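All chains are identified by letter, namely A, B, C and D, in their written order; residue positions are counted from 1 within each chain.
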Amino acid sequence: MNLLVTTTVIAPILAAAAALLLRAHPKSRDVVTIVGIGLATLASYAMLIDVNANGSQTVRVGGWAPELGIVLVADLFAVLVLPIALSIILVVEIFAIGQRRTAWGANPELAGPLLGVLTGGVSLAILTGDLFTLFVAFELILVSSYVLLTHQGQRDQIRSGMTYVVMNLLASTLFLFGVAFVYAATGTINLALLAERIPELDSGVRLGIGAWFFVVFGTKAAVFPLFSWLPDSYPTAPTTITAVFAGLLTKIGIYSMIRFHTLTGMDELGPIMLVIAGITMVVGALGALAQSDIKRILSFHVISQIGYMLMGLGLFSAAGTTGAILFLLHHMPVKTVLFLVGGLIENHEGTSSLSRSGGLAARKPVIAVLFAIPALSLAGLPPFSGFVAKFAVISAGIDESAVAIVVVALFAGILTLLSMTKIWLGVFWGTDADGLEAVPTAANNRRLMFAATGLAVAGTLTISFFAGSVFDLSQRAAEELRSSDAYITTVTEGAQE
Amino acid sequence: MSIALLFTIGGLTTVGLYLITARSMSRILLGFALLGHAAVLALLASGGPPGAAPITNQSTPAEIANPVPQALALTAIVISFGLTLFLLALARRQQVLSGDDLVEDDLEDHRIAEGTT
Amino acid sequence: MIAAHSPIVRLGIRAASPLAILVGVYLLFAGHNQPGGGFAAGLVFGAVAALRTVAGLQRPINTGALVAAGTALVAVVAVAPLLWGDPMLDQQIVSAEIPLLGKVKTGSALPFDIGVTAIVVGLVLAVLDGLGARELAETSVPKPGGAK
Amino acid sequence: MLWTLLAMHVVAVVAIAGSGRWLKIRVLLACAAVAPAATAIWASVQLLQGSGPTIAELTWVEGLDLGLRFSTDALALMMTLLVSGIGALVFVYATGYFSADAPSGARFSASLLGFSASMLGLVWADSVWTLFIFWELTSVTSFLLVGHKNTDEKVQQAARRALMITGAGGLVLLAGLLVLASEAGTTIITDIGQIGGSAGTVAALLVLVGAATKSAQVPFHVWLPGAMAAPTPVSAYLHSATMVKAGVLLLAVTGGAFVDVQAFQTVGMAFGVTSVLWGAIGALRHRDAKLILAWGTVSQLGLLVTLLSIGTGKAVFAAVSVLFAHALFKAALFLVVGEIDIRTGTRDIDELGGLARKMPIAFAVALAAGLSMAGAPPLLGFAAKEAAIEAVVKLSGFEMIAAGIGIIGGSVLTVAYTVRFLVTVFGPGPDTPVGPRRLAMTLPAVLLGAAGLVGFAALGVVNEIVLPAAVELNADAAKYSLLRWPGFTTAFGISAAVLIAGAALGGALSRHAAHAPEPLGADSADRLIDGTMSVARQVTARVQHGSLPVYVTVMASTASLAALPFFADLDTSHLVWADQPMQAVLAVAIVGSAIAGAFVGSRLGAALTLGAVGTGMSGLFILHGAPDLALTQLLVETIVVVGFVVGLGHLARQFPPVTGGWRTVRLTMSILGGVAVAGALAAASANPSGRTPVEQLATESVEEGGGNNIVNVILTDMRALDTLGEVVVLATVAVGILALANLRDPEASA
């Protein structure tokens, strides 16, 4: 486990450094990046197998006790999310290599190394059992995303980058304040110790901490009313970058929220979370309907879907948390795939604007199929993973008799479906409105892009097919999270030197 | 906890927040520098009362100030240093592109808002 | 810029450099026992290198490579303990008697700190470079690198 | 076996979808016909043998009770016969319908076969979730098929309308089934017992609405006429014979659970009766032959819903019989209309005429199917409608009046529109030129048209199919059977009167040129969708205005709000004014400089105040016992201030001015934020629930970490991972700055 944990965190960073040194040698640079991220991904799957068989495990970094040092905790929740997250980055990197010579490609000299840093940050954020290390991991993720977003320096990228950086910097500052509050109140920043000490606090301080971190993680996760930065910034980045952002970054926010708020038993915040969840779902879906650009529609969907995960969490029941985890696992790959398909569309239509494209289903049916599968999944239609995830969340809502939120969730589903038909009608049906040409792309690059997208679609189908196992695992992970004892024991006793 | 520190933290936060809602990137940058100070100070204050420098061959463990928040604060200083510099580079780029350093509004949002009237 | 035009300033920078580097080295090594450390050292080295570059006293350093090398070093130090079965970032301590500094108890923290220093130097140079300091220097000097 | 059949479909769908590049549409359609044909043959064999239900099960998500569970009871077999039998015929028909080089053959064939498979899954489903899964799949495939000719804006609209209405209905159904399953304690349809109470009512209403959207009940019927934009084989197959029956089937299989729920009967009856009448009126108002049939379908579906709402053994038996008969005659009629469309180029009854002579076979089929639809002997439709009237006659009170108006009134109108259809299309009129006959189109139509006649002749066989199916739903149905000659009963009298009145009405109306009707509701559905879009734009314009300062203000205010709970525990007893007097002095100096920095007009001045604040901070750090922090702070501050001056040196010296009202908002938000942070920190530190083991830390730092400077040991050892992350952040920033710098000056690569 020690080796595996280290690999997921350090290998991509090492690869990033190497790729940066090799910037003049495109082939070896790409190979190094792929190997680094690939190793981390493999290690994460090995962790899933290990933890599934042998239970949660802890690595004490530098061999220090939890009161003094940092621990990395591979519990079921972490090792469920990690492989999917890393696979996404790997697939996107492959796509990016294919796309690099086109107008929408990120600068390959930088995209690889930065994705490496991002990978390291994501692994760290998922595995860490320490609140401050979580902050550092967030910064790693954010700083690489800042650079990915702005490195081409176009005017709208700088503008949107400014929005993105400022909002996230403010969130980071709030995070630091939050660490200060937590440390002042409990004398520790170790999550396991916090799980013991936060419930002992006076209720005002306890709920204050919960609410404060709800805002912090809520900004990263883009919940209402803190989401405005997302649709303004994501669509301006190169498609591959947006795909990673949309698939991962907000999800790390919701991941942290699920971990923090269930471990520290913030059940009283449930009702307010449900209200926010409902508004987020509807406002996000309405936002998607209002847009006329694929990437912006998809960006607003991210927000809407975060609402469902928040709903699962806000129910504060075993079934609800299970639903939230399942939704998270489903949403990451599906969202990424949709953006990758968005990239393919851009490549073939010469634009991502709905009004300027059309008739692609007849000209390029493969893209239509690649789009339809994740789109139906996102809209929550069977037999895809999105249906199972939404079903799990909604039936958890019915179990808790949370009628209002269930009604809102169903209503938002209709809006989502409508906005998906908007893309479908605009891009795949009708006729091509203007004569924008496809972006010239070398055949093997194009093949690489299609292969990456196809791989990702196959991945989402795999999740759909094995939804039963994924559900069972999510359920176990949710139970572990909700009884914080398991986590505390893992960290304090189950240490592995 | 000392009111003087709380006053500094609150004061820096207030001025920082005021500045980051400005249109000029230089002001936003200043604002984040101040907010960073406030956060660092809050971390430091969260560790308890002041004491001797946490260097073992100079003071006994009983006299020293809590070193953990110092370490956290140091990390925070460095990170906010890095990000401030990045903001600076963004502001510089904006200046190259547009001649000033004002933050622009999102055009697509405006277009959609106008479409409703 | 003034630095490149004025021989006095150039002389000043040239004279101050060794001293500043000494201070940086001290900070780097003393960190474990006294205030200081790789970060502070890096800032000092970075400032020196930047001043020297601006003054035309040295060729611009390949900042990207420096940063990358620093990152690689830090990452290698992080994984090295795995070779002898320890968790990552575990310390190996060595004691040594070094002239001027006295008995130094150090270990894998030292290469780690050197990596940190490299990154920080790179960052400082990148900032001054990115913000246009070199441009300013080059536009005001008729022939760049006159001091070679 | 069920798996084999389904797998056959799926494999064929994939193969067909993938071979569009090589094979023409007619070949593809012919290949697609194989799987339904095989299924239909299997179903016939099963029916003839009278073997018990085949059950097949597959767990998917056990924890949620999601999975596939099929059971082919008598009802399912009857439906299979319809779905696959008509399906196979429609595929054959389509090979004639499309021209040999029609584009998108693979897409069409695969979608249609995909639909066929989905429909099979739906009729075999024995778990509510299996049913739901295939229910949604039929909506999606229907969307694709309706939008086949999608270059037309109107077709797109129609497809979207159909998907949105059935999709929304699907979600309502999902809610209904969730309530039903949790109330009944099982998801297996055959195991669901009766449920009641308020949960029962809620479930019943939700299920009813779901069914009504799919089965095109008024007011949800508006998608069905639009769906006629699909190629005629699709209309015949999905939108008359099979998919629209899904809602009816749903009501049939869940009806048992809702026996005690009064609302189920009342609301169902309301849907049904309204649809019977309004659908028939719609059929009388249209001139497009296909739309006449579509509105007729709405009416007939209303009849089925009405019968199922009555719920007696007789009514259920009648419903199953009408369902069976309707599938046959309506499909036949659609196929004929499609043939007319292809051979004459129009479907407008004003432009058609004299086709009885020019298309004698089509006329014969239309006559047989039409009369069956009208309920005239000697056709299957007659026997079925007789049963329906019989069921109404047995009722009493209000139910009888409502159902009577619906079924008898509806029947009169049905006869009327049938007569109008037959007379205007085939009777005398303009001399329409007719193209050559296509055998592939004629054959399926003849088979389906003849089925009504043969069915009546061999009524015993039909009874053997229909009766067990009805018994599955209601054991009381066992007492009844379809009769070739009912005798001079009240029902027969009514039947005869209906035929005469209807024929008279139809004859009269067919002589009047119908005025072009309004879209009859479709426009309001589109308005609803467009209205949603416009609400979406308005809401989005509110929340997403694109201005960064406003976003920041919202976020900071939210954070201040989140800090409110802290103030409940605010306790000042642990506060001291200052740790040292110097601390207070520095505090005032720092805040003073910061405020000065905020209001100073020049950029250089601002940079200097920043430096002053940083220096003050170093002082505070020294006072607090943090020399490392002080040192780092000073160095950092220097670089930042220099960077600020160098980097922004090209800008105007003065900041742009700030406007008035906005300033107040900003100030308020900022002050609240400052108070929130300070107050929260004070509250949090009042009563800590744990402490850092500082002494242990000090000892371990020396012994394990090998350093005296504890802060440094923490940074490079205990929390080295943080430091690692921190320096990678710095490295990334450096890379980012270089990237931006190199853009400006491409030659100056680093």
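Everything below uses one rule, namely that contacts are C-beta pairs under 8 Å (C-beta built on N, C-alpha and C of every residue); 3 or more make two chains touch, one makes a residue touch a chain.
Computed from a prediction, not measured in an experiment: that's the story for all the values here.
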B-D against A-C, pair bridged by the larger set of C-beta contacts: B-D
Distance-maximising chain from chain A - centres being C-alpha averages: C
For chain B paired with chain D, centre-to-centre distance based on mean C-alpha positions, whole Å: 47
Whole-Å gap separating chain A and chain C, where each centre is the average of the chain's CA atoms: 37
Centroid spacing, where centroids are CA-atom means, of chain A and chain B in whole angstrom: 26
Between chain B and chain C, centroid-to-centroid distance (C-alpha), Å: 25
Chain B: positions in contact with at least two other chains: 1, 20, 38, 40, 42, 45-47, 53, 55, 57, 68, 72, 74-75, 78-79, 82-83, 85-86, 88-90, 92-93, 103, 106-109, 112
Where chain C touches two or more other chains at once, by residue number: 33-35, 39, 64, 67-68, 71, 75, 78, 88-89, 91, 123, 127, 130-132
Numbers and ranges of chain A residues touching at least 2 other chains: 13, 17, 20, 61-62, 113, 132, 136, 139, 143, 146-147, 150, 153, 162-163, 166, 170, 177, 180-181, 184, 231-232, 290-291
Residue ranges of chain C touching chain B (in the complex, touch as defined): 33-35, 39, 123, 127, 130-132
In the complex, chain D residues that touch chain C: 627-628, 630-632, 635-636, 638-639, 642-643, 646-647, 649-650, 704-709, 712-713, 715-717, 720-721, 723-724, 727-728, 730-731, 733-735, 737-738, 740-741, 745, 748, 750
Complex interface listing, chain A residues touching chain B: 132, 136, 139, 143, 146-147, 150, 153, 155-156, 158-163, 165-166, 169-170, 172-173, 176-177, 179-181, 183-184, 189, 231-232, 235, 290-291, 293, 296
Complex contact set, residues of chain C against chain A: 64-65, 67-69, 71-72, 75-76, 78-79, 82, 86-91
Chain C contact footprint on chain B (complex, rising order): 53, 55, 57, 74, 78, 82, 85, 88-89, 92
